[in-house]
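You will see two complexes here that share chain A, one where it goes with chain B and one where it goes with chain C.
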Partner chain A sequence: MRRRLFDLVFTVVAALAAIGAVTLFLAILAVVVYRGFDALSWRFLVEDMRAAGAEGGIVYQIAGTFILVLTATLTAVPLAAGAGIWLAMYAKEGARRSFESVLHAVNGIPSIVFGLIGFAFFFDLLQWKKSWLAGGLLLALMILPTLVVAFVEKLRSIPRETIDAAFGLGLRRGDVVRTVLLPQGAAGLVTGTLLGIARAAGETAPIMFTAAIFSGATVPRAVADSPVLALPYHIFVLAQDSFDPAMRSGMWGTAAVLVVLVTCVSALAIPLRLKIAQEAARD
Partner chain B sequence: MTGVVCLAVAGALLYLAAGSASALRAEGWAFFTTSRWFYRDHEFGAASMLFGSAAVAVLALILAVPVAIAAAVFMSEMCSRRLRVAMKVAVELLAGIPSVVYGLLGVLFLRDWMSRAFERFEVDALSADTLLTAGVLLAIMVLPTIATLADDALQGVPKAAREASRGLGLTRAETISAVVVPRAAPALIGAVLLGFGRAVGETIAVFLVVGRADNRALSLPALFDAGQTLTSKLGGSETNIAVGDPLHTSAMISLGMVLLLVVLAATFAADALRRRIAEVR
Partner chain C sequence: MTDTPRDLITVRNLSVRVRGTGRMLLRDVSLDVPQHRITGIIGPSGAGKSTLLKCINRLIDLVPSIEVTGEVRLDGHDIRGRDVDPDDLRRRIGIVFQQPVTFHGTIRRNVTFAARRIGLVDRHNEEQVLEESLRAANLWDEVKDRLTHAAHTLSVGQQQRLAIARTLAGSPDVLLMDEPTSALDAASTAIVERTILGLRKSRTIIVVTHQLQQARRLADFLACLCSQDGSGTLVESGKCETVLLAPRHAETRRLVGIAG
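Right, the complex of A and B next:
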């Protein structure tokens, strides 16, 4: 009897915790979308900001975030593709292990430390001041581990026989990479890229000293001294003036845009990632 | 290409190490033990920031770990595979919500709730921007991270272990508490450590609700008061102000380096622990 009771209580507690976590997600999503809904309109998305965020839209915040994310993705994807192929095909055991440790370390670096180092290197040393390229490159380095890990995991799920068969046909290593690894691993790279995009779009700390300003930037035309506006930084600045009710509409609207964007991209990627992990575990 | 990445990382670490040298030499151990940070007088004692960072992270873990592990147990041990995947997706989406949005929710909701709670319990707090508020917000933020990693840890325990235990007549709850969780313990601790790393390194959300008051006391009641963490200090205007003052810059870099070392230590320890179960399997 007591054992049955323990079983019941245990199950109920665990279920409540899990339901709580899922509810938390749905609640946050609902609150942000509900509050942001009033602010959302076509004009909000295509107009320039006015009155320090109290009026107008967020078109250049969207454009800036797009530029940062695009730069980060275009930089990180080729690096991740190269690193993944190298890890799966060319690297010796020791080199592979140490490079994976480096990747884990990079993945663990707090985002503000990226900001600090980027500030010293791009802003100060290269004299770029605030620049979209600095932000894009920092975000690229930051999301790189995510891309590589997802790509490598997919590569590992390719059956050994497929690769052996390709070698058996007399293909050279480069050909095997081109005809087997890249086509079969592509889904992993795509998954990693989507996860990376979702992460890069929402980060504030790496860009606050290196790339983003609150107002007065449009589309950059140079590298040095060419800041952008960005969605997360916009929310960050407005949140510090949150006592002003006039700011709230634009703040919630921006948050809704960012959350919907990030959640949609992640929602595409996470099921893919879980599926790849399952395939990789099966072998 | 991999060389470029390694070079960039090595360069960054070297920069931090070299940059922090002059402030650490000037202050010595006082950098870690005194809570007097007055940059105009070139006094750099970071103890209250170290205390703040430790306090908010530990608080977050105390609140989040039980719930996260319980949720992971449910996902991994009590669900159909379909339901598990669906819950895991939701939990990972929660983990993916940008920290600035958590910060916004903290500013607009949590702060009000905390100040009402302070009134009810007659806690004497100047405002609701406190270390406690930051800790509670962080708890919500690290909950999904720990939950999904803990679920991975539990999944790493071989099926045969569960079946043997059930075959001996143990109930599901007994199997989980006597067999599955102990077998997964190293990886579970690894999950908690990664959660700790995320909590210590989180900047934006903490920045918005921690109050950012320097040089506060290092005591338990200080939790109910505004404070400062390593990250909220680095995220503030002082990073810009320090430009042109080598010693001040060096002191800021020292904060960054201490933060990085703590987080890296947690990450590597977590990796080692998480790998242990993979090898046992």
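Right, the complex of A and C next:
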């Protein structure tokens, strides 16, 4: 009787927690979209900004964010895949622990400090000034721990027997990685990438020092001295003038676009994630 | 069939120790494994039966913090010699585990993918190897019409025979089987046992089993491992009927008596 009661209470608490999390997310989404609704229009999405953000649209902010996030993702995913495979298959215990400590340390660095480090390295040392590539690489470094941890956790969930069975067939380590680890660990990498994209898309501090400006940029055509506009930085600047109704409207509109874009990316990836998870579960 | 087949595998003074803790998993094990015979290994849990198998094909090398001393010879050659490639060795000494393992993909892919990677199978002989391996594993008739189906759609018993077929596709000289039927029902166990007996003509087989009756049904020779002071020790080996019916060692007598 007591165990049944415990089960019931536990189930109700877990269900309430899940409902609470979903409700919170939907509430944030609803508030942002509601507040930004007045600004949202087709023209807002496809036009360039005018009157210092009081008029026009955010097309280059969307493009800039896309470029930064894409650069970060394309850089971080192969690095995370390599690091994850190394941790799971090649690293000795001591090296693995050291590397994981470094990863956790990197994950704990405040984003503003990342921005300063990026500024010192890309802006000052490499003389890139503000550059989309600097911002993308910095964001890649920031999201790397998330990707690696998600991937490694997935790899560690592969039964030891499966890996032993592959080695037992005479497969070389590289073959085991290609034929067993990567197909089964891919779901973790996808999950990590989605979390990383969401974080990279919303970060302001790192790109503020290295890649983003408020106006005067379109699509970059070089590496050095090629800044971009970006949605989070746009929100940040407009927020400073949010006493002005036009600015406030643009700010919420931009925030709504950012939230919807990140949600859409996650939603688009759900079928992919499910497919990979189902494939892995079958193995 | 002669009464004294030559020994394909000889194990001498094999000890396995966990570095750091000093714990011995196996202590001073010596064993001869005759060619084209089935050697059964029996013993209680924790006696090091699986560890012994993993030493014979060097899967033990993949376990960190393990130190192996002593000698294992395959056809007279030290398997830990500098000139021995562990991957090639594992191809020659295949292993089938307790829990059936299926890999991603179809039944066809499961059987041939490793042999393709190793270079033993190409598109010219793939069909032949596929059919021969599945036939040898007593699975061909059940799956010949659905080779493109996902391997995970097979029953557990079929998956275990698929694992055997996959191992056979690599043309191993030796087959190590670590409690291959413990996850199977009686009907599947009977088919797998029939498969093992069928392979005896062409392969040297070592079967770890918990079931004395299974050892009696399958094994020509039997080795009994027991745990002494926490370490696996080989207490007795010889012809199966001799070890089962007239065990010399007290541990074997206890094991046989308790079980049977």
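Simple rule for what comes next: the second predicted complex is superposed on the first by the 235 of 283 C-alpha atoms of A that agree within 3 Å, B and C clash if a C-alpha of one lies under 4 Å from a C-alpha of the other, contacts with A are read in each partner's own complex, and residues count from 1 in each chain.
By our rule, contacts are C-beta pairs under 8 Å (C-beta built on N, C-alpha and C of every residue); 3 or more make two chains touch, one makes a residue touch a chain.
Values in this document were obtained by computation on a predicted structure and should not be read as measured data.
Contact with neither chain B nor chain C is seen for A:A186 once the two complexes are overlaid on the shared chain. With both structures placed on the common chain, the touch criterion links A:G168 to chain C but leaves chain B unconnected.
When the shared chain is aligned, no partner comes close enough to touch A:A224: not chain B, not chain C.
By the touch criterion defined above, A:L144 lies against chain B but remains apart from chain C after alignment on the C-alpha atoms of chain A. Shared-chain residue A:G108: touches chain B; no touch with chain C.
When the shared chain is aligned, chain B comes close enough to touch A:I235, but chain C does not. Here chain B and chain C are compared by how many residues of chain A each touches, and B touches more.
After overlaying the two complexes on the shared chain, residue contacts for A:V31 are found with chain B alone; chain C is out of touch. Within the superposed three-chain model, A:A83 lies in touch with chain B and out of touch with chain C [touch as defined at top].
Here chain A touches chain C in the complex through residues 92-93, 159, 161-172, 175, 179-180, 183-184, 279-280, 282-283, going by the rule given at the top. Residue ranges on chain A touching chain B, taken from their complex, read 3-4, 6-7, 9-11, 13-18, 20-22, 24-26, 28, 31-32, 78-79, 82-83, 86, 99, 101-102, 104-113, 115-117, 119-121, 124, 141, 144, 198-199, 201-205, 208-209, 232-233, 235-236, 239-240, 242, 248, 251, 255, 258-259, 262-263, 266-267, 270-271, 274. Residues 57, 59, 62, 64-65, 87-92, 94-95, 97-99, 101-104, 113-115, 117-118, 150, 152, 163, 166-167, 170 of chain C are the ones touching chain A in the complex. Taken together, the chain B residues at the contact with chain A in this complex read 1-2, 4-6, 8-9, 12, 15-16, 19, 66-68, 70-71, 73-75, 77-78, 85, 87-94, 96-101, 103-105, 107-108, 140, 143-144, 147, 171-174, 176-177, 194, 197, 200-204, 208, 231, 234-235, 239-240, 243, 252-253, 256, 259-260, 263-264, 266-268, 271.
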